[in-house]
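The next block holds one structure in the form of structure tokens; read it before the comments.
Each chain carries a letter (A, B, C and D) given by its place in the written order, and its residues are counted from 1.
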């Protein structure tokens, strides 16, 4: 029991320390890349709270990400650098939109919920895509990066560590939340909402709270993204991104916080691998092919995502051991 | 129905394909088959990334060679344009034995897919990973904006061989940013004067809702309304949507004297065809910025016959300089050059002038800029100079489509200089 | 806008709506009957469009060409494709949860897009309207309307009618309707559900591909054209009520009109409009306009 | 009918319904049912399948809206209350099929149930396992229903009988005054049944128990009052003896088996 509990903690600790040390080895471009992946990890974590934590499949999560990002650019002062206030503001905007969307879409359920969240995301997408405030397809620029006290985000390393810090904090926050009464209630809703009502939980406010919170965290990720690139674009709200982040979750393994981490990184690395000319030569141009196939393979082979691998292996070993003890009959069975 | 056609489902990650990096990654992947534990996977990942990141040090430009990054669209709507620009650039290079100024040139290519969403990543690849000395690119205005921003931050020299986004030589202008093509404002403004002269009183404009379109229309409107015309309706649809039917009907409804439009590439083909199919061609004359009929005439066929457009280049300039260029181009690449080829060619010329002036020492950015400003580029389009905002001061021609050619009718506007609004330099 | 123009816009809306219906009807069948969220449906539309572009010359040489023979060949190939896909991939998805279906079909999208780029390339291509449909009819004094668009509307209407008949008059239709309302019941009726699924899926793919082929001349073919259609189709399906053909038709027309008139009346909001509509409808009727069964 | 009956033990009924009806399309699942339930009684509602017993329970606990009629908890009209609110007001129910949370431990199942009434569920930083109030209630409930040896086992691993017990325990954890039990004996072995009956007998002292059950022998052993439903309406209600000898009932129901 305790061993089982410990190993994930150790693993996560390892990951974070590795990330903290990375800038020592990684050059400018590497740092840039890893910061980006970490931002997506935060984004994936925010969605995990909904999908894995509460059992609500949201197919429009990019909206909150994008709103956070656009808020960061649109609300930033023209001439001087913005402060931490901007962060709070962006997160609030995302949370506010999440509150509205949640309040409405939580009236539906199942496939319809998936689709309504998508609809609201598309609404936000076209809002920035077709109206002047969003700058159309070309997006808009954040000319001066914020400064948190003495912490000038114009310097890539500062930004890197701010992102890492946010990632660790978000992770810790959710870890606490999952163990809290609130978290348990959400888990209960995920397993059997009807039962929760019969027990006396008014489930709606719980779900709404989770939805809003998740939206706020996605907004945080969006803010970081906008600050990192100093550029926002409608595609940050597109359903493609909503899809990608879902994929990260499923790839990593739903229902585990570390699944979101693993998912974000492995999704990125899968892409990098299939894009690399060294392996595929000129064929690397068609990297989507490899990515698509491997995703499908994951569905077939890893129903529980990458997190589930150790468990699956243990199972298989156990089975093989059992079969060996049974002798030959087992072999036929497997052929 | 309108979502950017260029963004693929997972455009949400930085692309990265350098040799060293990819070996690292392949190492990851070769072992990162399903069985490999997650931790190993993560560590391998870190290794891969660090090698990826470490590589610039190895990829430092070798002495003597100047590293030029070509960031152009090789796929998507503007693929053909990207190729033409590269050809033009290579042609000039070839004419000078692969040298610009005194130094050998090494080319690094990146496909920007005309996707603004990926622009920042792509340009970072060139600047941060490949450490290029000069960037040439690109076609799409939105992408060019991202490049200009990155160039401004990093101080890398940028020469824009097509994208006309006004801001590049406006608010975003910088000592290290130049343009060998035009500003969206220029052809539009010239056409404004032309159509006012032709005596049209009420005009409808239609374009894609993105920087290039908006600015072209703005330029047109400025000149046209200054000389007494009236733009009664400004129609637009999201880039790169090509379902024009509803808007064509709208044009018919408002019965203008003429229509001014800005479309390019595939969209231009589709628009001209639909415009004719809707029967508007015979009732309401269609005018446009030159890209409407450049490199698209084959596909447009008879529907384009007789259209008037304004641009800083045409197929039948019949100047000696132009003929030499066209001949050489046709010989080397087995196809006719277009305005994009010219712009690529001139980008190379400009770089050559600059490099020559600083004796190949690109750290002397001030001298580089000064040399370009004082220089007179002998372009196939006719010689031009650079304005204070580093945008060409050039003649804009009025052309008409005759058969498969954009024939010159007259010079619509002589030595037209972009106002470079918002440029502090 | 004066009345004639208004009518023309209605024609545009109708044509767009009907085309949408053609794609969405396939999706709603697969969605409603097999309970599979098929993100790859847009790709079938894309495949259809590229077939219209790619097959034409081949058919030219084989059968001496003709637009309709291209359509027929294309449709046949689409049915084949659908049948194979169902057998190869989708049959594994029925008892999986929605998320895994999303993942699997998402993978398929990527694969299809890349195969397309491998086989045909990434350039934008125009597809010619068959000569005998390329004329335009004069409407109003300035405007004239392309015959081909009328043809599209007509074809879609015929297919809609055909579907209606199949559903109401034939045993297959009965089975399908039963299936969309209650899967267990169908099995208890002793119908080979596997076979039914395979048929339905093949039909769905064929419808999408056909829509693609018909639309190609007006939309021209370009990379990722499927993605644009996909989302709208889901909107149609959900507004109409999952599994309901009637609903799909109504919803598609609703969207056709909303989009067309939105474009001209409130261009800024045209994109947002249909999604606001969807949200409203779902808040009013969380199960869509017509709940299947 | 029973609404007009003389009051028992001089107390008011805890739960009462008046002229409760529910139609499904054409079919009238529950027709004008009026019943009252007192503390200290096991009130069995029996009837053939489709007689409307479950629908009645559903309406009492608020899972289904009645087409007409009303429900009173103590003297308050709770007809418009949500199920959750009724549950917090003291209406506990168990389901025909086990609805426990299989991945949670027995204790956690009960604790989660108890948490429904415990204040401040928004304490996100404090681990749930430190929530004294709910823990106490949970442990108590688990003991009462005889699961004290299995507190830390995953609920999914329990035997069928134990799962049913856990169902009851989760109800108890919410400190209810009324227990609506939907076939708690379904699929139980003889000795498991005994345990359950003992449990119910122990619980009836300070709860009003509404029992829907098919196992007649068990019902007749434990029920203090019985109501027989046929096609949605009550044909008899009263002491087991009275019901047993009611000719209508024998004709309509008991005769059958």
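The definition used in the following text is that a residue touches a chain if its C-beta (ideal position, glycine included) is under 8 Å from a C-beta of that chain, and two chains touch if they have at least 3 such contacts.
All values derive from a computational prediction rather than experimental measurement.
In this assembly, D is the chain whose CA centroid lies farthest from the centroid of subunit C.
Per-pair tallies of C-beta contacts place A-B first. The most central chain, judged by C-alpha centres against the centre of all protein C-alpha atoms, is A. Averaging C-alpha coordinates per chain places the centre of subunit B 36 Å away from that of subunit C. A separation of 32 Å divides the Cα centre of subunit A from that of subunit C. Spacing of subunit B relative to subunit D, judged by their CA centroids, is 75 angstrom. Residue positions of subunit B with contacts to 2 or more other chains are 3, 7-10, 238.
Among the residues of subunit C, those touching two or more other chains are numbered 106, 109-110, 113, 117, 227, 231, 267, 271.
Shared interface positions of subunit D, i.e. residues touching 2 or more other chains, are not present.
Chain pairs that touch one another are A-B, A-C, A-D, B-C.
Residues of subunit A that touch subunit D in their complex: 173, 176-177, 179-185, 187-188, 191-192, 194-203, 206, 209.
Within the complex formed with subunit C, the residues of subunit B that make contact are 1-3, 5-10, 75-77, 79-80, 235-238, 240, 242-243, 245-250, 252-253, 255, 265-266, 269-270, 273, 277-280, 283-284, 299. Looking at the complex, you find that subunit D touches subunit A at residues 61, 63, 82-85, 87-88, 93, 95, 99-104, 108, 111-113, 115-118, 120-129, 131, 134, 170, 174. Residue ranges of subunit C in contact with subunit B, taken from their complex: 1-2, 5, 8-9, 12, 15-16, 106, 109-110, 113, 117, 122-124, 126, 134, 136, 138, 140-146, 149, 218-220, 222-225, 227-229, 231-232, 259-260, 263-264, 267, 271. In the complex of the two chains, the subunit C residues touching subunit A come out as 31, 37, 39, 89, 92, 96, 98-100, 102-104, 106-111, 113-115, 117-118, 227, 231, 234-235, 238, 242, 267-272, 275-276, 278-279, 282-283, 286-288.
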